[in-house]
Amino acid sequence: MFDLQWLLIAIPLASGLGLLVWGKEGDRFGHLIGTAASALSFLFGVVLFASLLGKDGEDRSQSTKLFTWIDAGSFHVDMGFTFDQLSGLFVLLITGVGTLIHVYSIGYMAHDERRRRFFAFLNIFIAAMLTLVLASDYLVLFLGWEGVGLASYLLIGFWQHKDSAAAAAKKAFVVNRVGDLGMATGIMLMFSEFGTSSIHAVNGAITGASGSVATALGLLLLLGACGKSAQVPLQSWLLDAMEGPTPVSALIHAATMVTAGVYLVVRSHGIFDASEAARTAVIVVGLVTLLAGAWIGCAKDDIKKALAGSTMSQIGYMMLAAGLGPAGYAFAIFHLITHGFFKANMFLGAGSVMHGMDDDVEMRHYGGLRTFMPITFATFGLGYLAIIGVPPFAGFWSKDKIIEAAFGENFWVGLGALLGAGVTAFYMTRLMIMTFLSEKRWREGVHPHESPRVMTWPLIGLAVLSALGGVLLVSNWITEWLEPITGHAEHEELAVPAIVLTLIITVVVAIGVVAAVAFYRREPIAVETPADSSVSIFARAGRHELYGNELNDAIVVRPTRHLTRFLVWFDGKGVDGFVTGVADRLGDTSQFLRKPQTGYVRSYALTMFGGVAVLVLALLAVTLA
Amino acid sequence: MIATFSSATDLPPISAPDIEYSLLAPVFIIAGVAVLGVIVEAFWPRSSRFLVQAGLAVVGIVAAFADTIWVFTDLDKLDGSRLARGQVAAEGALAVDGPGVFAWGILLIFGFLSMLLFAERRLEGGLSGFTGRAADAPGSASEAEAIKHRVEHTEVFPLALFALVGMMLFATSNDLLTMFVALEVLSLPLYLLCGLARRRRLMSQEAALKYFLLGAFSSVFFLYGIALTYGYAGSFRLSDIDVAVTNRTGGENMLLAATALMAVGLLFKIGAVPFHTWTPDVYQGAPTPVTAFMAAGTKAAAFLALLRVFFVAFGGSSWDWRPIIVAVAIITMFLGAVVSISQTDVKRMLAYSSIAHAGFLLVGFVGAYAGAKDSSRITSTSSILFYLTVYGVSSIGAFAVVTLVRDSGGETTHLSKWAGLGKTSPVLAGSFALFMLSFAGIPLTGGFIGKWTVFSAAWSGGFWWLVVIGVLVSALAAYFYVRVIVLMFFTEPVGEGPTVAVPSVLTTTVLAVAVIATLGLGIIPGPLLDLAQHAGAFVR
Amino acid sequence: MTAFWFLAPIMVIAALGLVFARKAVHAALCLAVVMISLAVLYAAQGAPFLFAVQIIVYTGAIMMLFLFVLMLVGVDSSDAVKETIGGQRLAAGIIGLIFGITVVLAIGQTVSGAVVGLKAANGNGNPYGLSELLFGKYVLAFEFTSALLITAALAAMVLAHKERLTVRHSQADIAARRMREYAESGRHPGPLPAPGVFARHNAVDTPALLPDGSPLESSVSDSIVGRGQVRQGFEDDIDRLVEQVGDEQPRDESFGGEK
Amino acid sequence: MNEYITLSLILFTIGSVGVLVRRNAIVVFMCIELMLNATNLAFVSFSRQNGNLDGQVAAFFVMVVAAAEVVVGLSIIVSIYRARRSASVDEASLLKS
Amino acid sequence: MILSILAATPIAGAVLLALLPREPAPHHRAKYVALGVSLITLVLSLVVMAKFDQDAGGYQLTEKHEWIKVFGAYYSLGVNGIGITLILLTTILTPIVILAAFGDRLPDPKSTNAYFAWMLAVEGLAIGAFAATDAFLFYVLFEATLIPLYFLIGSFGGPNRSYAAVKFLIYNLVGGLLMLASIVGLYVISARQGDASFLLSDLQNLDFSTNTERLLFLGFMAAFAIKAPLWPLHTWLPDAAGQATPGTSVLMVSVIDKIGTFGMIRWCLGLFPGASDWASPVVIVLAVISILYGALLAIGQDDIRRLIAFTSVSHFGFIILGIFAFTTTSLAGSTLYMFNHGLSTAALFLVTGMMIARRGSARISDFGGVQKIAPIMSGVLLVAGLSSLSLPGLAPFISEFLVLAGTFTRSIPAAAFATLGIVLAALYILIMYQRVMTGPLKAGNEGVSDLDHREMASLTPAIILIVGLGFFPQPLLNVINPAIDEVISHVGKGDPAPKTPVQIDESATQEGGHG
């Protein structure tokens, strides 16, 4: 049966391509077919996962080779897939959350004339993402990796008529390409080092290679992961990506695609296990992003961007966890899954809010929506509780474990993670207050209303998952399940008992909540965004995404532009100018050499006579000399 | 023929010279037909004289050509250090050898094609392209009268035949005295023919004067070179000179000066820099059929003479003259190619192109690769023979096209008038383009194979760097050839554009032959190359 | 050798004269001097036949041809003082000097080997020796000089000879025609009156005056009338004359240079 | 012998300079004749030097050629004179560059 | 014999077209004749492909006749895996181009016959050049392709076409003539060592002195580097492509320029392995410069056609890099790249050509928001563009990755710098797409209609192949591999072995699934 795992990919792919080619006749059923394809894939995924559950520990990695993809020279890559504990979880997450979002989109995109194409792109995304997680070879993984990038590009820029959307899409793709640079170079390094890019083989053989190779590979893969998962320094695209339709933000830029970097690190655990330096780099990146994302989340008034900042931050947690090595891999994946539930939930909730608010994303225009959108409020609230880590909701379990593991690694790392938890509580509370709880601030003519059922059912489903996601940790199921892949880690003894740490975390979270309440309930929230000059320097920096774009501009974009301009000039005047210059000089020479042809026969004779003299002299001179 | 006589003083009788008539028949046929033409000129009625003269010339050339083929196939094979065929004939005056007879063949072909152009009468309303009465001042009343009476100079045919016989002699002369006489035999009629254009007569006369004065000037240098050679070697016979040169009997300076001065005369005829100055003016001013004849024929004959003198007589001192000739070749190629870029007159442009081609030919010449006994490698001689054939046919074709592009004032040779020719008459423009491409040395044309052969001869002679210079210059030269194509095909015509006269079967034949030969020698050059290789080396 | 040292300076001076003489005729005479001197040198060097040919053919025929053409072209023609091409003379002089010095130094002083002399070659007499070569070794060249001569003849014919295109009328024909015309149209059979004979000006551009004082148009050459060069300004004289005579004569309105 | 050759060379050089500086076509042509004569002197001298008559034959041929050349040349000059009323070689400069 | 027929068919078609009388207005006959001939050629090429034994290696379907005995030149044809791949590319692209060119508005409407005749001539000559196994024959055909292209650019291009045509011709002629010098040298050396022969197999047995080999190599390389075009010899390409019709550009960039890179493999590596090795550091540096330089310049272009031309400069850089890295992987990648680049550039040129024809301008800044009114066109442009930026899943990715991976084993810096090209590629394609297709509809673009059926029919095969070969390149690679192995073994530089080789555990990857 596992031989048929390619069907997981093939079903949405076929559906997506078919919908694209189908043409206008498909508009009526397109969304249904798309949703059905996703659901079918999910069902098949469940079946496969179930049968995996029924197997022994050793048999739980099921590989299949579909065909030889590339066999050229000494380079050999099979189009092969592996369904194992890790990818199984991902399959369920992707197809499960994906299907819910498909359903949601039926409603959300109902009035878009290009809905069929939207579903086609979603299906292609599902297929690519599944390729990414099922791949048994880094190059196949790269295929999926770029495939999700493409889908992301298409979906961010789905509303192409908006310049901002098109620009954001391009930016996302290009920044991702920078990450891909690392990924591609990493694969080349594998090939030159090991002669193969099979994930299994590389991770198995890494111990035999020199440490610098492992470090190099780790850093290169980390670069790739940074691009895809919007980690510092390649984080700038994610906030812009919110230009895409909200279901896209939920599925791609919250639940699944952006977590691919974490998946990559966990999948390449062999490499990271072999290099302390690479792991440290991962931790640093994760920690920095964690704090940066939280910071940005505090300052943004755009609900989707605030959530995006939060996403950055949460992925920072996952990265941090992944960087901790065997001690953290499982928790990274655990947090990834719970985050997938509650963040998708909240994004969809935000979409529902926007749906009711005529696509307004400015939280300062919201307020008091809880009465108008009760279901959205309720589900969003569950997500909220989950993300800030209120027991017993999903986020509590996963984040707690990560902070714990971080303290196990290094006190300062743990402290950073702890601080992040507090800030998370602050900005999420702020978001809740500004959106649902405070006085209403919307303008005339806006009639907030609850979304249709096709949109609220997925919200409810995800809310339930957000609330109950913690069950995966029951009796450490998730760690044990993943242990064959991530390896076993001895539990490190902390300076304080785990329960004390949990309490501390809870207290910090509470402080964050209280601070937000104190800050935003004290006085009414201004409808107009305060000018940059009137807010604190921290808020200003957060609004400007910590000046990441400006930094990119200064370091990369503008120099490139200047270089390009210079090269265009150089090509015209220098390279081509040399050629045309030679041609011009020849023309001048030609004109010059015409001159002696005066038409006077005597001057011709003079030339001849001169020639005679030269010839005679030369012959005599050359020979006699 | 020359009767022995015994005089009162008891001088020994002079024995009659031994002349191989059968071997020399082609030369005698042409000479005979030329003389016959003069007689016809005197006695045949004016009304049909033109046709008779033209027919006589063509028939004579065809007959001579047929005989040439027979002579060529019948040449004795000589066993020497390298393959050679033929023998020294006419008391040692002529060397009827492979290259020489091959040259006869191509000269006769050039002559044949040129005679067809000479005989073309469709273009000037039933009159030939030559002036009706050269003695009339241009623009005078008597000139108008001559036109009214439709008189024509039919002497051009015998004159051209004399020039042709001069060329044939020049190509096969085995002693310097005969070579000098042949040089004059070929030059004098051409001086004259240059001045006989029907249109733009002032220019034509000017061309004749320039050609004559400069030609005489150069031939004096040639002559002094002969004198010095004689002083050095004591003989005019090339083989005797060779012996003297090889033995180095002293008087080095005299030999070197002689070499230089002889080179002057020969380089003048082939139009090499710095003895090229006459070429553009004369090519432009002369009647176009004459230009065609001159461009193809003179160059071929002069090159054969150059090869013969320098390979046979001065072969022993080749290390002395080769550096100088290399310099001349480079300058010639370069100047010809560069100056033609800025030309605005088709005929002048073709003249500069002919200078550039002289340079390429000299590249093959300085290789001085004479071949080895058991190798079929291209030699300098065979490469030049092939190149001359291709160049000659193509340039006759090109000049034939020039005769057809006209406006009210006759041929319109200003390049700007040629704009858009490809649109109005694609066939004509296409064939001209083909000749241009052949000149540029684009593959699948004869010009390419020609370039290839001369370059390979140069490389065989050790001048690989000259080959590199050569190819770079040919790229340069290609520039102006493609410019003409641009003009004809890619440019909109100015005003009404040129009119293209409908030629008679004569010019059409010339064009067809030239096109077929240019293409054919590009695609299947094998047979002609084999012939050229078969010709072997010069006999001594 | 005496002859040489005597003649050589003369020849060089004459040659220089060829270069520097203003008048073409002087140049021609200088050349003749060189040629005749050369003939002597030929004789001195064992070439009696060439001596004769040089005098007879070269000096006698070729030089005369030159002079003849000079006369034809205008014997007085001389080069303008001003040089049209800038630097031509200077350059010619310099190159000439370089060339001359080079060859004189390189060749003129290095002719080596004993002089064999022509005793043996002229054993049977110089003409015999020459003819032996001419009709032996060089017979082909000799034969083909005929082509040169024919070409020369053709050249002269083509370039200088104007073939008559209309029938030539004999004197009798002309006389008969004139009388016929006189009979038919009354055209005067005799020659036209000469211009200016009876006028105060007897130049060709002044019409003759009839006895009645009126000018006779036909006395002026057609070409002068055509060029509008008929002498004017004498009408006033006639008017004055008429006034003086006091005789009213109708004037020919159509007369005048503007005609 | 050297002196004859030297004389010949001097005459030859003077002739060639004459060709360059004279403008009357006929005089230019006469200068060429001077050069021919100089050459003939060389032929005759070398003939004596070498002890064979080939040089004299050459001189003879040169005379014949010169005769023919003169006829042709003068005809051309005359015909140009007819058209332009000038025998200056500088006037004939329509064809250039 | 089949190869001769294959090459002769389009030539015969060209002659036929030239002889057909010119027609008034719609000129359908010439178009259909041309299309028919090109389709027949395609079928013939498939027959050739079928006859070709993939596993046998070496030159197959050979034929040999003496041509010019004195030169030792033979009419000698034969294909190996590389040659047949490129022949296939030629025969596939020509019908596509001809079909797409049905709608081209020519400066002189009477010249339709000539337009298509020249195209067929290009096809025939290109096939000949790819099949020639005699250096002289190759050279002749290589140079002869200049003429039809010269006329195609000069007669049928934009307003500045004659400048572009002359530049194209002279530039290429300079290279070609330098190669001629080398050809002459080969002859002389060959004749010195026995009977002259230009047969590839004979030439490979010649003994060269080191310097001679290097000089001869430089002559060949000059021609190919200009043709390919390698920085800094590239400036003719943007001008030519900027003026030519889209069909001409495709034939020029996708087919004829491939003769350059093809020539490097067959002739430079084949005849002068030592010299190629000697020159490889410099060539690799130039190739890397080409990659980055071409990409950066493409970013800076406002003319779409010039942009595509510069992307090609960049891509040719990859191809050349792969060739001179001397590994089986990179060389196979380069060969595949030639095929893939041909397809993707063809699609790009053709679809932008249709766009430009509708808009009447090639300036990117004149476009905007076209996606809204021409979604299919925009989709095709996107796919073509993505293939140009080597998106995985599309054909060029595989070849580009093979080139880079192969190069990496030979020179890490070269591969690293070259990899930067993939970021720049994303920039130039996406910036162009963004400015042309997205955003609000810009004034002046209202007349840009979507693709019609004919145009779709012409583009579909290219798109299908681009996508299909992205997932299933193996059929082509199977053909290419044996030839590549021969080339590399001839060069004598084996692949660098992996430092920590992994025994690929077949059972782990393959059998595990059946457990």
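Labels A, B, C, D and E are assigned to the chains in the order they are written; within every chain, residues are numbered from 1.
The working rule: contacts are C-beta pairs under 8 Å (C-beta built on N, C-alpha and C of every residue); 3 or more make two chains touch, one makes a residue touch a chain.
These figures come from a predicted structure and were not determined experimentally.
The chains in contact with chain C and with chain E alike are A, B. For the interfaces A-C and A-E, the C-beta contact count is higher for A-E.
Look at the CA centroids: the one farthest from the centroid of chain D belongs to A. Averaging Cα coordinates per chain and for the whole protein, the chain whose average falls nearest the overall one is E.
Distance between chain A and chain D, defined via averaged C-alpha coordinates, is recorded as 95 Å. Each chain gets a centre from the mean of its Cα atoms; for chain B and chain C, those two points are 35 Å apart. Averaged C-alpha coordinates put the centre of chain B at 45 Å from the centre of chain E. As a whole-number value, the distance joining the C-alpha centres of chain D and chain E reads 65 Å.
Multi-chain contact residues, meaning those touching two or more other chains, occur in chain C at positions 84-85, 88, 91-92, 95-96, 99, 103, 106-107, 110-111, 113, 132, 137-138, 141, 145, 148, 151-152, 155, 158-160.
In chain E, no position touches at least two other chains.
For chain D, the set of residues that touch two or more other chains comprises 5, 12, 15-16, 19-21, 23, 28-29, 45, 49-52, 54, 57, 61, 65, 68-69, 72, 75-77, 79, 89-90, 92-96. Of all possible chain pairs, those that touch are A-B, A-C, A-D, A-E, B-C, B-D, B-E, C-D. Note for the complex: chain B touches chain D at residues 134-135, 137-138, 177, 180-181, 184, 188, 191-192, 195, 201-203, 205-210, 212-213, 216-217, 220, 223-224, 226-228, 230-231, 234-236, 280-281, 284-285. Contact residues on chain C toward chain B in their complex (touch as defined above): 103, 106-107, 110-113, 124-125, 128, 131-132, 135-141, 144-145, 147-148, 150-152, 154-155, 157-163, 165. On the side of chain A, the complex with chain E involves touching residues 2-3, 20, 59, 61-65, 67-76, 78-80, 136, 139, 142-143, 145-147, 150, 153, 157, 160-163, 165-167, 169-170, 173-174, 177-178, 180-181, 184-185, 187-189, 191-196, 198, 200-202, 204-205, 208-209, 213, 560, 563-565, 567-568, 571, 575-576, 579. On the side of chain D, the complex with chain B involves touching residues 5, 12, 15-16, 19, 25, 28-29, 32, 35-36, 38-39, 42-43, 45-46, 49-52, 54-55, 57-58, 61-62, 65, 68-69, 72-73, 75-77, 79-80, 82-84, 89, 92-96. Per the touch definition, chain D reaches chain C in the complex via residues 1-7, 9-18, 20-24, 26-27, 29-31, 33-34, 37, 40-41, 44-45, 47-54, 56-57, 59-61, 63-72, 74-79, 81, 87-88, 90.
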